[in-house]
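Paired with subunit B in one complex and with subunit C in the other, subunit A is shared by the two complexes that follow.
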Partner chain A sequence: MALSKEDFDKLAVLSRLRFSPEEAEEFRNEMDDIIAFADTINNAVSGGTDDIKNTSVNAVAYTALREDAVRESLPNEKILSNVDGSRGFFNVKRCVK
Partner chain B sequence: MREVLTVLSDMLRKGEITSQELTEKYISAVEEVNPQINAYVHTTFDFAREGAKKADEMLKAGNAGALCGIPMALKDNICSDGHLTTCCSKILRGFRPYYDSTVWSKLKSEGAVMLGKANMDEFAMGSTSESSCYGAPLNPRNTSHVTGGSSGGGAAAVCANIAAYSLGSDTGGSIRQPASYCGVVGLKPTYGAVSRYGLIAYGSSLDQIGPITNSVKDAALVFDAIRGVDENDDTSVDYNYGGPSANALTGDIKGLKIGVAEEYFDGINPEIKDAVMDAVKLYEKNGAEIINVRLPILKEAMPVYYIIACAEASSNLGRYDGIRYGYRADNYEDIDDMIYCTRSEGFGREVKHRIILGTYVLSSGYYDAYYKKACILRNNIIKRFDDIFNTCDVLIAPNAPTTAPKLGHHGASAVEMYLSDICTVPVNITGIPGISVPCGTDKAGLPIGMQILGKRFGENTILNAAYFYEKTAVSPVKEYEGGVRI
Partner chain C sequence: MKYEMVCGMETHIELATKTKIFCGCTTEFGGAPNTHCCPVCTGQPGSLPILNRRVVEYAVRAGLAVNCKINNNSHMDRKNYVYPDLPKAYQISQFDEPICEHGYIELDSGKRIGITRIHIEEDAGKLVHEQGTTYIDYNRGGVPLIEIVSEPDISTPEEAREYAEKLQLIMRYVGISDCKMQEGSMRCDVNLSLRPVGTTEFGTRTETKNINSLSNIVKAMNREIERQEDILESGGHIVQATMRYDANTDEIYPMRTKENSDDYRYFPDPDILRFTIPQEFVDETKANLPELPSAKLRRYIDDMKLPESTARDIYKYRRVSEFLDDTVKKGANVKNTANLIIGGIYSTLETEEDKERFDIKITPEKMAGLVKLIDDKKINKNKGQETLMKMLESGDDVTKFIKAEDTAGMSDEDLAKICEAAVAANPDAVENVRNGRDKAINVIFGYVMRETRGKADMGKVNKIIRGLIG
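Then we have the complex of A and B:
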């Protein structure tokens, strides 16, 4: 299924990615091929509508849950060590004017 | 193949060399060889020297593990406290994790010595390591060819003897395929056998950490050191292997039931097919039973894998917003604009492809047709492999349709590149273990790899089958002559 320009623009917003008009066109064409490839699962013999309704998507079994207990946190200064954290927060430029 | 870790461990214990002397040898080798192959993207030599000093104390005290004092490399997506870990992406430029991954924590407590972080495809998304923001690593066997990917730097470092072993991660073949292209051994353990805590996530239901080594015994020794349940990874499993896997290597394969599926050989280069089938004959000659099995479901594995991997990636990579770590765009107007600019400037092309595809297959209206259908087919593929392992102990298959392609020549399109992963992705979809061992070279002298696959938690069986081949086959691949030669 070809990806319309409108749909591509919506996906870009959902993905928080921005493309120039030329880039968007190039990406959209490439995505057409990739989606056509993904579409080949619809040639599979199994996995019809009833299966879709009745099957859980959890392929991985999560069995080991640890006790819901408070544990020591990482120190604030370590968490902030990768950014400007001079006031004890994740600082960004002023955005409310 | 050389059992580098056994030899080094013996030398260190007998006092024939100290860890500090050995580490200096490796550091000199990295400085000499790395500029030619770009295997390491960050080096941690001072940290390695500190680690070697501690290892020598442990060795002296007589409480050293098998890997104590031995220099190694971590893939650039495995966290270690305070050391650059960037997934070879601009968006994680300058990121220094503030905690150790469980695998590194285990190795460190055994006295391992980390030389640095190894090159990889950006966020482990690729099959050649060419999408690294630091440029591609080069294959030490022939530097005009790729190393494979995504753990290409780690495979190159082990091959070129500038790391005694490395840890990689395998989401769709990223340990086994570069090991195969570089002529070394790569083990992708069972999903859940090794903790993923501290592995920067790509496809969480597929990712698994494992060793890249010079020999099968080396792979078993590293697997023994890193496996085990972890309270920080609730998908990790407390499985009883009945002792160290390295001790289970006997090389006895009499009565081993080996499955061979012709579907694995569709579209495979004839030289690779011949090499793998010669290996199968060697097993048969030595008492294994060969069983032909059918796997028509294999062709469904590729779209299933890419739909699930990209869906998980689009979710996992949502965290890169420029606020808490890594790259932040210089110019922006408000918070939303900052997130858009940071992500658009920070992510490379292939990562953007996969985020968009993942977002598409999870979006309302397409979720059932793609993501949910892929999950159903995944369950069917799991069931089919389970059936096969009810009659076979292992499956033998090629690792990739070709040997290492030339740099810049790996598929004309993204889809062509995806299709090259056909031999490796079923292992990740099903969560089973797989090992890649060298099984010859093509006419150009490039290594060919063979995969041995087993049932979940069947590492001992596949390691033993690989060990037999390594001991019995005649010089499957020439040793690399540079780096630290012991």
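Then we have the complex of A and C:
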């Protein structure tokens, strides 16, 4: 298995996720499959990811990027419509001690 | 044991674009919470970021101004970390293909502080912590930043301050940001470690975050040097950590242990296309860069022959230096203009910020109209200063305050006659001067100034009167 238990546990901490031992094993297997899939793609390109990076295929010239012109933002009620909010703010549990 | 400091800086600068880096929301400062927001900058599923062209242009300009090489190919990466100021749980930044690399800034001593890289990224939202709740405002989320990373070339807190000050001035000159440290549009993080003098290996470093003024850079660094010295002297080890400096108490304390670069799990952002920056565009930008601060200072001192302190007082505010240049272009003498700015205009601008904004009522044309009267000795410097204050008050042209007859040329003969009268009218003063109380001559000068309504050339008056007194 490419992904060690230690790596998995560390990722969980960084992602602020908690798993039961059974869940951890299940997700570790799934992640391993995903990594294996990515490796397959990586190996299919001669030169690996560096080769993909160095091609300018699919690159846009900076001139084709977005113009710096203001567009209307969403109304505050709409922005907060699916969240716990008050006084115009998003509210979460206090995140500093 | 004696220690030496090794320091590098990371400086975040908010770019003065109209819109955010990946959406069309305004970057305007302030505004009610979460009113400059849309699905993109609040990280809603399915929304797609589109890079703002001006952000790339400004980054290129910034890079060229500090002697960087510009990469013709670049892309955005995701930097993953979970914190409520970042709704997507990743920041869109740049990792291995920053727009600019390998630059430097030269200090007054001639020492160069290397610039490793400059990359573009999005700012995070603002958190307000109250009792059991953290309130989040994403208005600032997605505001474009450049992060300027220096080499660990800085050896003293004073060098750090000078580096930051130069960086601030350069970025203001090229017009990409107002770089106000108090308002957070420029924020400095200081990476600092100590090592025994004479060794070459780096010690463990700490990062002091978000220092909000130039003078606090020096203070925070001095505290951190003391703290690390104490630990090392007592045989302890420095723990890699993020520190916060509290300017109110002048104390420094750890915020959190730092995640390693690996922990951010950078990878190319699949939502944003790679982009190219054509060399022609880079060359054109370079050719169109304005005169940079160091060149301007040299020109003031070497070509215009201004005293160094005067030159520095002018060049450190971009708008002031432009005002001086424009006034001189209209035919005014540079020294007289500079003296009037420093002695007159500055007295009406109390704070550094006022001078930086330089919001005054008169144009360079009007200023030149006044200065030329002094240059041609039609009015003296005191009269000039007095008139300047009136002009600054009302914004009127000099002709409103000084009539043509006031400046009509006074012949040397007329002036000599008035001086003779002045000496004759003040025998006591003459006696006093002859007895060595030189200040008494001011009484005679005063008489001449009254008679000539301030238009006499004091240099000439001085000569004539001293000749008469003998």
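Definition applied: the second predicted complex is superposed on the first by the 52 of 97 C-alpha atoms of A that agree within 3 Å, B and C clash if a C-alpha of one lies under 4 Å from a C-alpha of the other, contacts with A are read in each partner's own complex, and residues count from 1 in each chain.
Keep in mind that, in the parts below, contacts are C-beta pairs under 8 Å (C-beta built on N, C-alpha and C of every residue); 3 or more make two chains touch, one makes a residue touch a chain.
Computed from a predicted structure; not experimentally measured.
Engineer: Have a look at where A:87 lands relative to subunit B and subunit C in the superposition and call it first, second, both or neither.
Structural biologist: second
Engineer: Between subunit B (first) and subunit C (second), which, if any, makes contact with A:65: first, second, both or neither?
Structural biologist: both
Engineer: May I ask you to decide whether A:73 touches subunit B, subunit C, both, or neither, giving the answer as first, second, both or neither?
Structural biologist: second
Engineer: With both complexes overlaid on chain A, does A:16 touch subunit B (first), subunit C (second), both or neither?
Structural biologist: Both subunit B and subunit C are touched by A:16.
Engineer: Which partner chains sit in contact with A:95 here, subunit B, subunit C, both or neither? Use first/second/both/neither.
Structural biologist: Both partners.
Engineer: Scan A:27 for contacts with subunit B and subunit C and give back first, second, both or neither.
Structural biologist: In the superposed model, A:27 contacts subunit B only, not subunit C.
Engineer: Once the two structures are superposed, pull the subunit A residues common to the subunit B and subunit C interfaces.
Structural biologist: 10-11, 14-16, 56, 58-60, 62, 65-66, 74, 79, 90, 92-93, 95
Engineer: Would you mind writing out the residues of subunit A in touch with subunit B in their complex?
Structural biologist: Interface residues on subunit A, with respect to subunit B: 3, 8, 10-12, 14-19, 27, 30-31, 33-42, 44, 46-47, 51-52, 55-60, 62, 64-66, 74, 78-79, 81-83, 90, 92-93, 95.
Engineer: Can you list the subunit A residues touching subunit C in their complex?
Structural biologist: Subunit A reaches subunit C through residues 10-11, 14-16, 53-54, 56, 58-63, 65-76, 79-80, 85-96.
Engineer: Which stretch or stretches of subunit B touch subunit A in the complex?
Structural biologist: 94-96, 98-99, 191, 205, 229, 231, 234-238, 300, 302-304, 306-308, 314, 318, 321, 323-326, 328, 332, 334-335, 338-341, 343-344, 347, 352-353, 355-357, 359-361, 363, 368-380, 382, 413-415, 418, 431
Engineer: Quick one: which bits of subunit C touch subunit A in the complex? Just the residue numbers, please.
Structural biologist: These residues of subunit C touch subunit A: 17-19, 23-26, 32-39, 42, 50-57, 73, 75, 80-84, 89, 97, 127-138, 259, 263, 265, 268, 273-278, 281.
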